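Note that the chains take the letters A, B, C and D in the order they are written out, and that residue 1 is the start of every chain.
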Amino acid sequence: MAPPTPRLVIPIDLKKKPWQQKLPLHNRWHPEIPPVTEIKTGEMFRIEMVDWTAGSIQDNNSAIDVKTVDLSTVHYLSGPIRVVDTDGNPAEPGDLLAVEICNLGPLPGDEWGFTAIFDRENGGGFLTDHFPRATKAIWYFEGIYAYSPHIPGVRFPGLIHPGIIGTAPSKELLNIWNERERKLEETGPRSLKLCEVLHSRPLANLPSTKGCILGKIQDGTPEWIRIANEAARTIPGRENGGNCDIKNLSRGSKIYLPVFVEGANLSTGDMHFSQGDGEVSFCGAIEMSGFLELKCEIIRNGMKEYLTPMGPTSLHVNPIFEIGPMEPRFSEWLVFEGISVDESGQQHYLDASVAYKRAVLNAIDYLSKFGYSKEQVYLLLSCCPCEGRISGIVDAPNAVATLAIPTAIFDQMG
Amino acid sequence: MAPPTPRLVIPIDLKKKPWQQKLPLHNRWHPEIPPVTEIKTGEMFRIEMVDWTAGSIQDNNSAIDVKTVDLSTVHYLSGPIRVVDTDGNPAEPGDLLAVEICNLGPLPGDEWGFTAIFDRENGGGFLTDHFPRATKAIWYFEGIYAYSPHIPGVRFPGLIHPGIIGTAPSKELLNIWNERERKLEETGPRSLKLCEVLHSRPLANLPSTKGCILGKIQDGTPEWIRIANEAARTIPGRENGGNCDIKNLSRGSKIYLPVFVEGANLSTGDMHFSQGDGEVSFCGAIEMSGFLELKCEIIRNGMKEYLTPMGPTSLHVNPIFEIGPMEPRFSEWLVFEGISVDESGQQHYLDASVAYKRAVLNAIDYLSKFGYSKEQVYLLLSCCPCEGRISGIVDAPNAVATLAIPTAIFDQMG
Amino acid sequence: MAPPTPRLVIPIDLKKKPWQQKLPLHNRWHPEIPPVTEIKTGEMFRIEMVDWTAGSIQDNNSAIDVKTVDLSTVHYLSGPIRVVDTDGNPAEPGDLLAVEICNLGPLPGDEWGFTAIFDRENGGGFLTDHFPRATKAIWYFEGIYAYSPHIPGVRFPGLIHPGIIGTAPSKELLNIWNERERKLEETGPRSLKLCEVLHSRPLANLPSTKGCILGKIQDGTPEWIRIANEAARTIPGRENGGNCDIKNLSRGSKIYLPVFVEGANLSTGDMHFSQGDGEVSFCGAIEMSGFLELKCEIIRNGMKEYLTPMGPTSLHVNPIFEIGPMEPRFSEWLVFEGISVDESGQQHYLDASVAYKRAVLNAIDYLSKFGYSKEQVYLLLSCCPCEGRISGIVDAPNAVATLAIPTAIFDQMG
Amino acid sequence: MAPPTPRLVIPIDLKKKPWQQKLPLHNRWHPEIPPVTEIKTGEMFRIEMVDWTAGSIQDNNSAIDVKTVDLSTVHYLSGPIRVVDTDGNPAEPGDLLAVEICNLGPLPGDEWGFTAIFDRENGGGFLTDHFPRATKAIWYFEGIYAYSPHIPGVRFPGLIHPGIIGTAPSKELLNIWNERERKLEETGPRSLKLCEVLHSRPLANLPSTKGCILGKIQDGTPEWIRIANEAARTIPGRENGGNCDIKNLSRGSKIYLPVFVEGANLSTGDMHFSQGDGEVSFCGAIEMSGFLELKCEIIRNGMKEYLTPMGPTSLHVNPIFEIGPMEPRFSEWLVFEGISVDESGQQHYLDASVAYKRAVLNAIDYLSKFGYSKEQVYLLLSCCPCEGRISGIVDAPNAVATLAIPTAIFDQMG
């Protein structure tokens, strides 16, 4: 007998607002956000999701929505999903949750996406000191291809992937996150010249009740207030996976996530039609709504067996990924290089971030010689299937980073 | 009529010491190191080269040579080569030198290489705080494949490439280098906690007469002393290309180097049979002697036309690369992730170097569960065709870096 | 504004029989089968289709349905579709119809397929003299992967494609087809020893009223009888495209079809989840229902401009294809060879069909050493992404054909 | 200790004629041609070889040499090589000889090759009825690339491979070959209309003393006369491997050859810089001199264990191949199709040779619209990395064959 069609466990109705969805969304990581559904290992299930801003960015030519978007409410995630085995026993802390991405795509009837440069005063991005103003490109999909009226002459196949997929942190892990990020905010590199040169963005995004959405937990209740003050923002990737933005995490990939709470409490969102390594403009992928068809297995005790803590506690681990076999073939690549000397001429020590910044700037300058504005290229390099490599990280004082661009994106005009 | 066999312009006799070679080698960047030969645009020519240590590391089981190697003498480069066009007019500052890699390989009769972890007290490496002791793996070549008696069960095809290829800096550019690196040495991140955690290595390698070799310029003469005190070390990649360690720069690739002095004064060396992105153990590629067959073109005024300065002067540029079409097909990749939280649990701000370090450590820990020592895996990840990616560089405070390893390297046992 | 969701021009309701569908299907090629719908160039439209047998083969363990299937009714096609340009002018004979495959897949809720060996007495196949009995394998889909309870230990990603896509023939072309195929039936290789050795299958499938379905033309009417007696079977690929079974014709591909009648009258069907080159067992792909999202352009006069007739009339042409960029990466291939000596030891002259037969038989014999029955391997080689190559076609008397199998299909067990 | 440089067991001096070489060449298959050298399993050894005509075709613009070449003397092979295991025991009939291609390339100083259309009266080719006149293209190599002054605008990377590699047949196998090929000559398809349409070439090439070279066996002696009258020509691939012309058999590939005589008596030759599937113009690869570096293993009794006879005796087997992982990446392919209807409009029954002929003719016609002569395209499709596929072999009466051409060959101008 054929297996049943993937069970739709989290439906999205794009005509409704996020808070009107049948199953409530959430935008924070916390162990006490209750699961909205339950799945069994071995079954294939379908999750639908809004785009990371839940419709705040519109399909039009104005970037006013980008400039004013309320970033306290992102990312809107679908879940949490409680995972149990075929005997009904939930995933337990210390297990590994293996999640296979069987299928994924845009939501039918919503085949478009956006890439944006955030305003320096509202979010910023990797090159916010060079490109401080809000800008937007809309992309339309033709099957595997995306094209944009805002960046003509470009068309490329997408490697669709979820930007965010992760399990709920335990209370202990959450405390670690909040403590280390608060410390950065207080004492961190804001005081350092090199950071001022690089960025004027917030150093971290600490818990706040503003914009907080906690799924089934009613807004404004004492419980909500307590949890909102503890719950981690979804901006950075962390030990639980989360916003890892791995551009090749498409069909056929498998993710081994550590389990920190009973039931694993899997959440996902931030679907990307395509992303370049680094997602440099921050809202840099082709952001869209979408669906995922997943299958889970529980590897009992797998976290202890396969992951080695990299820090003071046993919780300092990272997921492992197997990349799927389907991807576009590209024949020719144009490669730009950067070294860890910044735009003021200052030498940094083996700093791959500075080196990558310079590689991206070099690519932008070069490509803008062919009729594009620099903003267009910045948007393009954020979302096209370009590869950002750490080529050398040992030859003091210069890290060497490279950005490789498949030239076929420029001539695949249907 | 068939074109002639590539003209051998720089021969190497491996039975001789570096200073006994027919054409003298050099190990510094300086505009006044005289060319040892001249080539014309359009002709194919052959350059031979010693390994980067000129034979200091032996094909045996002891790492004592690694521990005691004199790093003041590296890298031994072949060149400089003066480039003139078919009318005999030399490349000029402001031109671009397009160098095509037509062919390359190990020197016949010398089909072996080495990968080493440098001692913390002599060179160190990306993970020197974890792996402080000198270690060595010898690799033997069987055509496209390398295998090592020191890392059994592994065999992979190499993407042979020169670690170093570059043009001579002008005096002005050299001054910029020396000034910014000196400043780093004096006031740089040595004072910062984050750097102490990461490394105990020298911040930069400033000019020094010790170990200096300047080609045709006689050791110990006043000219030699003056130049040696100005000439830049070859360790880092810089505006002139140099030690860029781009692992895919193999057959069929093309490099567009800026020209800073009359004749371009092209030098190359540091041949690698294979390298992983990052070359993490520092002496991390499969280091070997070798040959290059090259063809050059001069793009007049191309530096000004195609490269955009990224800094206070018009000299702050980087080369551009086109990657060749030949590479091994790999089907399945295992991907490890790191975020910019260091091993002490401290949060860093969008630091791709810290994130990549954690990704590499995660990979080492995982693979060491399958019967390898951690040192073996560290060596392996330095030289096998693994990809180091900057996956996310915008989601404050965590940069996300990934290390992707082709699983086929573990089962291609002949 | 985002382009609208692809317009569904031919819907299929899988709960209904073929003759109950909203728009009638057809299973013959004829210029007078009336279009069921019309599309404009530039618009994206969606076609749904039944599997080629319209549900005759069931998802179960018995091959009785394969043994008794009525082959006079295949292939059930969706269409014809009349194509007009944005001014409303139809495609004209002599034009080229460029069809881009934007998206395609199984019909939601019907994610399974079948591969079958036809009985020697009912359809047969490439190796019917070796495998005369009806056999069946059912495949289930998990996103990009297919697996079969009937061929355990195998799992591979599919390259979904339509087996059949073509335009309607003109009356003149239809006459050419019928005449040449009738001639083959009458005087053809049936008399030749070599063919008797190879096959006991019908030489051609001439027009017949039995099982004939002509869309909007009512069964049994005089018009139906006339057309049924003229209309070509859909079994072979011909000048109009049709059953070309090109396994890489997946997402992002583009097909340039000659236009023989006003409006082009495009039809398509016979969706495959995956197919091996040659589709050797005849019902050899993973056959399924499915959908296509297409976009058409008309290249006016393109047939005359780009296609060169290869025969006595200007109609002897073939379509041209551009293959899309998305396909699974495979690293290792096992290759079996055949030469044009048949199993009786008889030498044939540069006969690629005989050579390929022997290559397939060699592969079956080899793989059956690893625990599979030969029927299982025959089914597998029909539908897995293996490549059938004409390696040498000039070295008299032996053609050399090869069958290359990606070894990863044997170990990608989820 | 590093393994020694591959031992040169068969040297070639290109300044000498074939009969002046240090070790004599041979151009026939026979069990009694004595080995010229011996190698041990596990050692890497080097074989040099002349081009298949031993210098008969010159690097110039005239095709007179092609027109008049003496085809009774081809192919000049290096060998036979006796293979023994590390205990000195030779390979035995019934064993498999595993040959790994570690490295290969043109002979230094001879970096050029040729592709030719043979004259209808002297060799012919797949399309000799369309292109009856001798034509020649010379190719020059720039590292991995080949370009030709006779086919401007084209440049592509080569997948270098030996066209011929095989073991000596036993007397019994030789008798089988001679008998079946003689039978074809006497009673074969020459009588059939379809063959006359296709070809006017010899049906087989039976043993003859003319041009025969038997290595160490002195010309004209009674032994030579006897053997020459029995020895098989090297034109077709057969059970012993031989002229299999598998274009992907490059670096890192492995060939499992059946052993028919004591010592295996391995011979090889006919080096190709690049070949298209089918090698359609007969002298169709880029033919060159070259070297191979090989490593052999003996799999005792492997022929019986892994190969299944496909005919009346246990000798009716074929080699198995593993294809190496290094190949050029191509992104975009243009695909031409053919069906088994010939140029006269006659229908053939599932004849892949006819279908492939039509696909090649379609490609030639299409590409000749872009400024090439048809002869140029015919030469190009013979030697560029195009793929010839058997797409459908079951849809009576039309086999469908396709020819896929990577479009990058047209724009990779250095």
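The working rule: a contact is a pair of C-beta atoms (placed from the backbone, for glycine too) under 8 Å apart; a residue touches a chain by one contact, two chains touch by 3 or more.
Nothing here was measured: the structure is a model prediction, and the numbers come from that model.
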(request) Please give the intersection of the contact partners of chain B with those of chain D. (result) A, C
(message) Relative to chain B, which chain's C-alpha centre is the most remote?
(response) C
(request) Averaged over CA atoms, how far is the centre of chain C from the centre of chain D? Could you give it in whole Å? (result) 33
(request) Would you mind pulling out the distance in Å between where the CA atoms of chain A average out and where those of chain D do? (result) 52
(message) Just the number, please: Cα centre separation of chain A and chain C in whole Å.
(response) 41
(message) Among all residues of chain A, which ones touch two or more of the remaining chains?
(response) 325, 328-332, 408
(request) Spell out the residues on chain C that touch chain A in their complex, using ranges where they run on. (result) 1-3, 5, 44, 59-60, 100-104, 108-109, 111-112, 138, 140, 142-145, 157, 251-252, 254, 293, 295, 324-330, 408, 412, 414
(message) Which residues of chain A touch chain B once you look at their complex with the stated criterion?
(response) 125-126, 176, 180-181, 183-184, 188-189, 192, 195, 199, 201-205, 235-239, 243-248, 277-282, 284, 306-308, 310-313, 316-323, 325, 331-339, 341-353, 356, 358-359, 361-362, 365-366, 369, 387-402, 404
(message) Taking the touch rule as given, give the residues of chain B at its contact with chain C in the complex, in rising order.
(response) 328-332, 406, 408
